[in-house]
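Alright, structures below, take your time with them.
The two complexes that follow have chain A in common; it is paired with chain B in the first and with chain C in the second.
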Partner chain A sequence: MPAQVLTSVVDGLMLGFVYGVAAMGMTLIWGVMRVINLSHGPLIALGMFGTYFLFTGLGLNPYLGLLLIAVVGLVAGFVIYGVAVHRVINAPYLSSLLATFAVSMMIIGVGTAALSTSPFNVDFSLGSVAAGPLTIPGTRLMAAFAAVLVAGLLYLFLYRTKPGKAIRAVSNNRGAAELMGIPSSRVLALSFGIGTMLAGLAGGLIATFFPFTILSGETYQLKSFVIGVLGGLGNPIGALVGGLVLGLLEGIIPAFMPVSWVPVIEFALFVLVLLIRPTGLLGGRA
Partner chain B sequence: MKVGNVGAVRPAASAAVPSIPARFWQRVSFWVTLAVVALLGAVAIVSQRDTLREAMFTLLMFASLASSLNILLGYTGYVSFGHIVFFGLGGYSGFYFISKQGWSIYPSLIVGGLVASVIALLIGLSILRLRGAYFALATIGILEAARAFVANFGPFGGSTGLSINFSVYRQYGGPAQALWTSFYIMWVITFIVVIVSFYIKSSRFGLGLLSIREDEDAALVMGVNAPRWKTLAYVVSAFFPGVIGTLYFFKNGNVEPADAFRLQMSIETIVMVMLGGQGTVLGPILGAATYDRLRSYLLTSDLFKNLHLAVAGLALLLIVLFVPAGVVGWLRGRFAQLRRVLE
Partner chain C sequence: MAALEVRDITSGYGEVQILWGVSLKLEPGKLTALVGSNGSGKTTMLRTIMGQLRAWQGQVTFQGQDITRLPSYQRASEGLVLVPEGRQLFTDMTVQENLEMGAFAPRPQPQMRRNMERVFALFPRLAERRSQKAGTLSGGEQQMVAVGRGLMAEPRILMIDELSLGLSPRLTLDLFESLRRLKNEGQTILLVEQNVAMAMAVGDYAYVMAEGRVKMEGHARDLLHNEEIRAAYLGV
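Right, the complex of A and B next:
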């Protein structure tokens, strides 16, 4: 039994890293432009299909494929921002919620028509690593590693590069940033692009170990909300920690009660944190 | 909330200076709205066709769901993304009394509504402290938590849900007749929702809600008991979804978690309110009618059948970007004379 719990906990933590990447994208967009991106889930699902088509169609290694997914995701984010979000960026928040929801409907609508809703599967394996009583599938280990890498790069980008600093400045105070000569529209588009890229990357990683449909993104979008709130909305690094917390919960809870109670606890926790500390357990924005 | 407030302050002015014309126009707008609802129901009754009756049932159901959401969203300015949770929880409770306790539909409807209201009171007391997007997020969380909880809740049948024996319909004159009865009840509910939303809008309570929407802090300073009034708005707007849920599941004969707590349906209701014009009485009815017709046209047309969601999404995006006040709000803004009639 303890070995089982340990396996389940490690499994949960590995997944948690990937959840973290998805949530980083969501929370970055929120922090910079105060938009809750309801198209986040479908974008994650598109990332999954990205891996599927690159691997099954072109035979590309899934981890190399991620590079391509990242580029496409960035561009897709620019386009979505320009078409759907830019006009409503200063409107009441309901407008941006509905605008991104409209994007989500379009992606799912076209996706359902083109790809149906039956499950797809990326037939890729890296064997597994055994350590004592533990057996970790190689794909999960790689996913966790890739997630840490992505988080590290994002951190370096936000804190060490000029565009990254511009993003943080706009996130902090858009008006003041504009007065300092930062082109805020471009920065917002860039942030949305990076957020979309992270969604696609998370999807691409998840596809290497779970079957998926075009509707699968919804679950991860909801998890991103939970994680975002746990780690502090607008704090991308907190999102990684939040992801680990969620993964850990998902690993531990099944040891004590039926697994179907996991979402009850997750969402109850989500609402509680919102009520008690709306800025998140780890506090503020980036 | 800056959208749809064009002329929203007008009732305030007319209340301060009681002038007969204003009241007269208010009455006209009231009867126009009721006439629209009457017409929507009468179409099905005159034709006596089952397909049309089902279509109108769905339409009226969404019209009343949208109208009750409008009390919170349009009047008070709080965006509940998970309002369908009251449809689910109220519907489950009402259905429980029909299927497990052998109650008739009528008391069960009331119970469904009351349960939804009590839950809304408890939830509202805590989450209405949150503002803006935080509130919206919390409502999504509550919807998902409720869905997951009900799927684990024994008395409600867990993940398989509850169903009723067909013999139950015998007391309503057989299954076919029960469908007509459900339709009539739905029609009556829609009338009641319209009357209630109209009454609220032209009352002091409604004015308080509108002031909360425009600027909650200013409203507080002016002596509006915002915490109490917005909670009351939440409770009222939760009651009808509870009633409607009970009726809907009674008509279907079963209820399961995936059906009762659909985020998609919740957001569609918001879209209807936005489409018609939030904060107006007629708006949600028109919005629901338009959206529902559009959806079923897309679903049945050969060209768009597979892409109906994408087309609906495109329509939504165009509305959000270019007509944020909705049809009724746009008309009111464009033609000042219409403001009197379109309440």
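Right, the complex of A and C next:
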């Protein structure tokens, strides 16, 4: 394999980890409350601006800034759940789809007015790491590392802590969870908060190496769909694996055909998986 | 004071009324049986007691407190515990995690380890299967998890909907034996059961429901030996 292709593949893989984080947020919300969160993309974009303002405005290291983005994301998620989602949680899918779409439009509307749609750029660099024929930008390496950390922490949270297990219980059988004394509405709010936090973190990481606008989240929202279906909607571990698959494809495809074919192939894969294995390659639900 | 008192409850689904003024009383430390043919409203009654269904009229009093408007998770936290019909396990979680979820409320939480050992002593088979996903167990084992999960809540009142449904006679006997032991330990129990003869045999007091009403009540043994009742309501 020529070094150029190898570099592109490794680049894609690194990016895949970050896609995984974005997809985990979407798939967690779907898995727990059967809501497709159409505000996921704009929330990713807000995460990007979070990094921008914390770094450019306050001079905060982007990785420290992520801690703040995480907290704000969590709280924002509670608020969005309480204001827009909770009232339609038992209604047919279309209602929650419209509710999160409305949130999406508000973020994009206000965001466009305040931030325009011309690209922003975080002027931050960690140099690059050379390994044999490979040169990997430091920010990508850090993003991949942070993504793995986030995925690991999410796993520990869901499988080792009491609130995490409560999320899985509500996701598995909400009625039974109530019978155990679990306040399921609060658990749903928490899940939405964590999903939003993951969107913000993914955006915050992407901003360290790509320019962006308030509209940039849409691409990642679509990728999150594709990844969610690949890995099994509702399965956070599957989301990470799905992210890597997608990242890998994006690294390999440009070596053999024009870049514009990337989304075509991604969505062809999406449809194929839906047709052949609708529960995802790794099986669904946490 | 009764452990639980239900007074003149009416309830139903949507516009359809199912319960037409049901009253029940559970004495502490006793096993009360609630029997009646399929569709007579037993499950609907339990769901209304838990607050999963709204009571249209009437009152539910638990330990002297009116809980008619309390959300169901709060009733559960207070120790009003239902082992629901169809088990409703967390099928994607392990047996041990299911039991842990039973002890979610602050009240039973400190004794979780001890209670889990108790459940394993009652159902040794669950100890062997503790790391297995609940959804992969046999029907009988799943029912053990359902009852065990209920016990983890340190119930002040344990309500069981259809203990023996779909289980082999052998397992049914085992579960009834466990139930008798719980009762002897002083557990207050409300048992809904298809197997009327067995329910009456372990029960202290019994209610017979038909068409959303209580048609008959009395000491379990008296009811079981009353020919008229046997023929009319119990089908035995």
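A few remarks follow.
Quick note on the criterion: the second predicted complex is superposed on the first by the 285 of 286 C-alpha atoms of A that agree within 3 Å, B and C clash if a C-alpha of one lies under 4 Å from a C-alpha of the other, contacts with A are read in each partner's own complex, and residues count from 1 in each chain.
In the analysis below, a residue touches a chain if its C-beta (ideal position, glycine included) is under 8 Å from a C-beta of that chain, and two chains touch if they have at least 3 such contacts.
Just so it is clear, the model here is predicted, and its values are computed rather than measured.
Set side by side, chain B and chain C differ in how many residues of chain A they touch, and the one touching more is B.
Once chain A of one complex is fitted onto chain A of the other, the partner contacts of A:V79 are absent, as it touches neither chain B nor chain C.
Applying the stated contact rule after C-alpha superposition, one finds that A:K162 touches chain C and leaves chain B untouched. Once chain A of one complex is fitted onto chain A of the other, the partner contacts of A:L134 are absent, as it touches neither chain B nor chain C. In the superposed model, A:L222 lies in contact with chain B only, and not with chain C. After overlaying the two complexes on the shared chain, residue contacts for A:V271 are found with chain B alone; chain C is out of touch. Within the superposed three-chain model, A:N173 lies in touch with chain C and out of touch with chain B [touch as defined at top].
Of the two partner chains placed by superposition, A:V5 touches none, neither chain B nor chain C. Chain A has no residue lying at the interface with chain B in one structure and with chain C in the other.
Of all the residues in chain B, the ones that touch chain A in their complex are 1-3, 73, 79, 81, 126-127, 129-130, 132-134, 136-138, 140-142, 144-145, 147-149, 151-152, 159, 263, 267, 270-271, 274, 306-314, 316-317, 320-321, 324. Within the complex formed with chain C, the chain A residues making contact are 162, 165-166, 168-169, 172-173, 175-184, 285-286. Contacts from chain A toward chain B in the complex involve residues 30, 34, 36, 38, 83-84, 87-88, 91-95, 97-99, 101-106, 108-110, 112-113, 218, 222, 225-226, 229, 258, 260-264, 266-268, 270-271, 274-275, 278. Considering their complex, residues 50, 52, 71-74, 76-77, 81-82, 84, 88-93, 97, 100-102, 104-105, 149, 153 of chain C touch chain A.
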